[in-house]
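Two complexes, one shared chain (subunit A), two partners (subunit B, subunit C).
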Partner chain A sequence: MKTYLKTAMLGAALGLGTMVAMPAANAEDTIYAPNLSYRTGPFAATGIPLMNGQRDYIMMLNERDGGINGVKIEYDECETGYSTEKGVECYEKTKSKAVVTQPWSTGITLQVLPKTNVDKIPILAPGYGFSPMANGKVFQWAFNPPASYWDGASMMLNYVSDGDLDTLKGKKIALLHLDHPFGKEPIPLFEAMADKHGFEFLPIPVGLKEMQNQSAQWLQIRREKPDYVLMWGWGAMNAGAITEAVKTRYPMDQFIGIWWSGHDGDLKTVGDKGKGYKSISWSVPVADAPVMADIKKYVVDPGNSLMEDPADINSVFYQRGILISMILAEGIRGAQEHFDTKNVNAEQLRWGLENLKIDDDRIAELGMTGMIAPFSTSCADHTGHAGGWILEWDGSKFAPASDKLTADADAIAVLEEVKAMEYAEANKPWPINEECNM
Partner chain B sequence: MFYRISGQFKTDYRSDHALFRVRQDAVLMGIILLFAWVIFPFTANEFVFQALLIPVLIYSLAALGLNILTGYAGQLSLGTGAFMGVGAYACYKLVTIFPEMNLLVAIGLSGFFAAAVGVAFGLPSLRIKGFYLAIATLAAQFFLVWLFEKWAWLYNYNASGAIQVPTIDMFGIRVAGPTASSFVQYYFVLFVVTIMTIFAINITRGHIGRTWKAVRDMDIAAELVGINLLRSKLIAFAVSSYIVGVSGALFVFLWRGAAEPNLFDIPLSFRVLFIAIIGGLGSILGNYLGAILIVALPVILNILPEMVGLEINAAVVEHLNIMIIGALIIAVLIIEPHGLARFWAIIREKLIMWPFPH
Partner chain C sequence: MEFLNNVFVAPFQDMAAAPDFFMQVVWEGLVSGVLYALIALGFVLIYKSSRIFNFAQGIMVVFAALTLVGLHEMGVPALLAVPLTLGVMFLLAVAIERVVLRPLVNQPDIILFMATIGITLFLIGFGEMIFGGENKVMITEQLGIPTGSFEFEPFGGFLLIEQKDLTAVVGAGVLVLVLLLFLNRSKMGRAIRALGDDHQAALSVGISLSTIWVLVWFIAGIIALATGIVWGARAGVSFALEVIAYKALPVLMLGGLESVTGAIVGGLAIGVLEKLFEIYWGQPLLGGNTETWFAFVFALIVLLFRPQGLFGEKIIERV
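After this line comes the complex of A and B, so read on.
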């Protein structure tokens, strides 16, 4: 009876909402989930497919299921152009009614991170942000599921060493990285691993201004002859690096990028020459996944997608955007069920994101089999440390080229603890979740 | 009518040299100060503080610093962003080395570091002029940003290479850090900006300001009438960089909360230069008007469609915004090449004559 009444009231509210006026309606019967998008600016080429994916998944849920448990999600974009300044502006603009902040750039994440304890809005930064955010006791409001940059770095090392890191002894591993907080993220982990397993680690920074012209860096690579070149590249830097690698005839099978360096658009510019280039990824594009069929049916075919070329539906970044929105939607769903309410607020969503259970069954239910590895979060672990796969460029698209890889959870956990405490120390007084006993 | 100056006689030199020679100017200034000190802070919400009020003040201060160098002393500089960075990093080192230090003192001191760096890079101005000097300051820009990236001591060996503002209390009130309230931060910034503006007005009106203007208009003539060019130019670099350095410290500590080196890269220098040029070179008021146009207007244009209930795609709004601001900048520079400050001067003159123009 009670639920019946609730549904009736909700229906009435919905009807009333549409009758009165559109802007007034969103206060009661939808959940407002803004996204700090970057469809403009120097990184727009990578931003557009990601944003399209995020948007289309939410639209599909709204069309197919009428939202999540009957509540529509109001997906809204605030354009930042990847600029930190605009990002903070967007955060301030949306925070009064938002249940989540999706900051998108490491710069914006770093800026917003300290404010979340005050404003009590969870940050959702899937696969980016600050790796120590995994420590949920320190970073109570920040989430970076399903894998952090340190997970990515560790998976790469496991891949090149075939699972036995000690075989790397005496080898030389170069890290070609953007000279920016994002590019410097994996360095502490690589340094720790190099000390432990006796390989030589060589960071090679690429300045923001030299992204497209990396001849100096590749000259250094030619001179040093590293056994592997790992890349933390972004935007124009990826295409620049791959072009230089082709030019200097660096063996492509020893060249592996992080998941943001595996963008179809970057590789298309080199085409066949980039064959064999690899990228680690926590997401895999699956063309015939049921969820993709639904997105095609409910969003793309009626012409509601912002995607310009329908072929992009199978690109790595578009499908990754879909998974990112899926993580958010699962967080909302979990919170709704736990708190027995339709309209979750930011604090309830925090619980939802902290108790994500994305196991194989759930992935199958969502129609995403093979697109993402199972993971779960807890109050102590805000990342989930899911596995990933190596994707290989075959000249026209990325295809999975390895079994599922996992990261060295123990080595990462130690480092996360140290760096998280360092952060808390530098920003004291910093609240720590004492209730969490995990 | 509203701006009638007849009947306001000056009977001594003192009143003839007063800051406000016309009573209405003083009244207008009073109204502006009332808005800035009382009405805005008590009516603004978090968004208005963080996206409009505080950034406009900080950018105005940076443009004021540049305007002293470029507008008053005639030395074109493209290194403003880097000098702001020097102020910010100096302030960061000061508050992390001496955590008990009062933030106001730390910001005041950090300006001196910027001034010293500014003077060092100002030395070539004695030999080179105009565009060539701009290139020399450009060198400062590139070198300093490179230094912020490579010198790990500057950011306390932080893994991300960025500086994070710690929580700072002053007399028991939280002024910086994530938990500081925007209200307090606004007053802090407003206080510093007010003091700096009074200082700038007086220095440009006085003996030093006059030597700067002489150097700007014709340096050989200035030298012939006995102005020491070396001294005059270096003072301009020092004062300008001091103000720019203070604005950089405010920029990071009272507004951004965190900063990475490339924040201080050339786009920031250009932004400040545009504010100074569009506002009006050689004026104090212009910096504020320029900052409102360049910093606040895009923010307002961004939220406008939503406020009137129009549903426009966020990316489209952003593109429209860039086009409108660009068109406005060009329009202003065509209609009034001397900037917005000159606009105001014309309006004021018209008001004085109104309703009986000759």
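After this line comes the complex of A and C, so read on.
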């Protein structure tokens, strides 16, 4: 009986392993790109569609093109459950042959940030992580394209002020945020903007254990009557907040979430009651984009996707996962061409990520027109500061509800410089890229 | 002087200035308290009968709620899905007794506690394998739970009571009442209490340990389903529901691990007090989010004066 149980458990474990990892043809013919994923735990609902999108884009490249320039990508997930400790374990476990690390939480990013200087592995954290990572001179190994949390915060303020932040003078803006490094990330920018433009900034933290019972936070919102509520929520916090907003009768058109708070799965919990809720997003789902047709043809239709519901193919997070893998793939492609080699290593990929040129033409070639704004990176700018759009929940799906928005680049650059240098000073000796003259 | 005013005067002035808001705070605290009490009850029942601190209570809430929603998604009518879910929870109770608890009879308490951590990990993996990790919508309306709200204007203000919260409070109250009647008046209920009082004596008069263990784990499963429905109706059903079980820990510290009354009174007290503290002291003076620690600090203060908790038994062990 015991032997049977052990065999069954081993079989199940192996089965699960092969479901998520993709087959490696031959180690020498592949580029190993691990993903520190979270398909389990309290934040799984957010992670699953993102990881599915990331995995399916790589799988499509492998099936359609035989990989990138003939080299297959070995996509491998290491499950963290969004736990910082497990994330660090996953980093250590995968780093020996990885060309990149995708830490998938601001907490994990902050932990592995100093390690990557030593291990010389680029961190790719698209749309998350530590906003000052944009400063490539200080954070040589960290990349967070196409937009940082500070970009998101700035675009939100631009949207609510119609581009004139001085009109916010005397107004009250609340930030409902997860009490976690991710949720606290935009606070320095909001504080700086509040000082500069004269609005009142009110941070309202939500503890991990209170994500599904935010009555105290929404009672505070009822009492304080902020003009706008901006949200930095993740996982179950989003549905909890929107439920309470409906209950409190807070006007949905004054409630805007960051891009991780714009998940179809969370909004389905409230359905019609969430109509009008908005989210800033650096990605837009485009159902008829050519890349989606290829993903359907090469991955979904043959039954190789892990998506439970085929309708999720048009969800915001699934398509954002695709864009995240596209950024990685473009970095690899650029490095291959620059170094004239097929099997790029981590240092070469660092160059690739530092020289991304995702312009309109390239976006069209990739079959992604309308899904992402053009951007480019450099040795000084590891973010690219692409713009974004406001997406609005119409009761059943998110749809674009604004023209393209851009962040206040000047204000952000000053803060990035200050905070990056503060970080380097606090963690000295910290290597600075003196060769970068931009 | 200003500090003293902020701590001892201003909060009460705020309460008096906006009595409708104060009533809303108390109501929200009461709803939270009822939910905490429900989770704590699951812990107490199992501890009372077997001296096991059931670490798996949180994941049982998730598992029960996911089973209910999963069955409905498979086409089972909501009202049939409830008894079927209870059937699954019964089978789970039988499996836990047979596979985990029975082989560990007479082992130290810590071994049994570790076994419940094992049950937690198994249920997380098993649940994710069957139901996936994505958010699911609780079948609130299909279960006949009203989703509207009552609005009042006390003192010219505004008080909103959601019908599903009211249903939760009433439903939890009825569940607790039935449970108390069962424990105090039925033969099986008395057997559970007898086991809690003295294992050896209970066994010597023919009470079956395995039957009682299955029964209490099944009752804990019923409570888990009720908790899952109520919490799931608020913010969806996902594995994040598991973390709410930790809210029951200070309730148990306060009320005592063996006391059903303690779980109820402790849950309600913590629910209301943590909400009042957060709104009138935490947010204005401490930047908010005091709910994460207030209940523990409050329970610790109580324990300084009553180490066995408010309603726990004072155990004197002679050596």
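Going forward, the second predicted complex is superposed on the first by the 412 of 438 C-alpha atoms of A that agree within 3 Å, B and C clash if a C-alpha of one lies under 4 Å from a C-alpha of the other, contacts with A are read in each partner's own complex, and residues count from 1 in each chain.
Assume contacts are C-beta pairs under 8 Å (C-beta built on N, C-alpha and C of every residue); 3 or more make two chains touch, one makes a residue touch a chain.
It should be emphasised that the depicted structure is a prediction, and the values quoted were computed from it without experimental measurement.
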Using the overlay on subunit A, decide if subunit B and subunit C clash or can fit next to each other.
-> clash
First (subunit B), second (subunit C), both or neither: which does A:Leu208 touch?
-> both
State whether A:Leu219 touches subunit B only (first), subunit C only (second), both chains, or neither.
-> second
Does subunit B (first) or subunit C (second) touch A:Asp179, or do both, or does neither?
-> both
Touched partner set for A:Ser402, first subunit B, second subunit C, both or neither = neither
So, A:Gln111: does it touch subunit B (first), subunit C (second), both, or neither?
-> first
Go through the superposed model and pick first if A:Thr40 touches only subunit B, second if only subunit C, both, or neither.
-> both
Who does A:Lys419 touch here: subunit B (first), subunit C (second), both, or neither?
-> first
Which partner does A:Ser378 reach: the first (subunit B), the second (subunit C), both, or neither?
-> neither
So which subunit C segment collides with subunit B once the two are superposed: 24-32, 114-122, 204-212 or 276-284?
-> 114-122
Subunit B/subunit C common contact set on subunit A = 39-40, 179, 207-208
Subunit C partner, complex, touching residues on subunit A are 12, 16, 39-45, 47-49, 179, 203-213, 215-217, 219-220, 222-223, 235-236, 239-240, 243, 247, 249, 265-266, 268-269, 271, 308
Any idea which subunit B residues touch subunit A in the complex?
-> 46-47, 50-51, 55, 149, 156, 158-162, 164, 166-167, 177-179, 256-258, 260, 262-263, 265, 299, 302-303, 309, 313-315, 317-319, 322
Report the residues of subunit A in contact with subunit B in the complex, numbered from low to high.
-> 22-23, 37, 39-40, 76-79, 81, 84-85, 88-89, 92-93, 95, 106-107, 110-111, 114-115, 117-118, 130, 179-181, 184-185, 187-188, 207-208, 306, 419, 426-429
Provide the residue numbers of subunit C that touch subunit A in the complex, in ascending order.
-> 18, 21, 24-25, 28, 31-32, 35, 124, 128-129, 132-135, 137, 149, 160, 162, 231, 234-236, 238-244, 246-247, 275, 278-279, 283, 287-289, 291-292
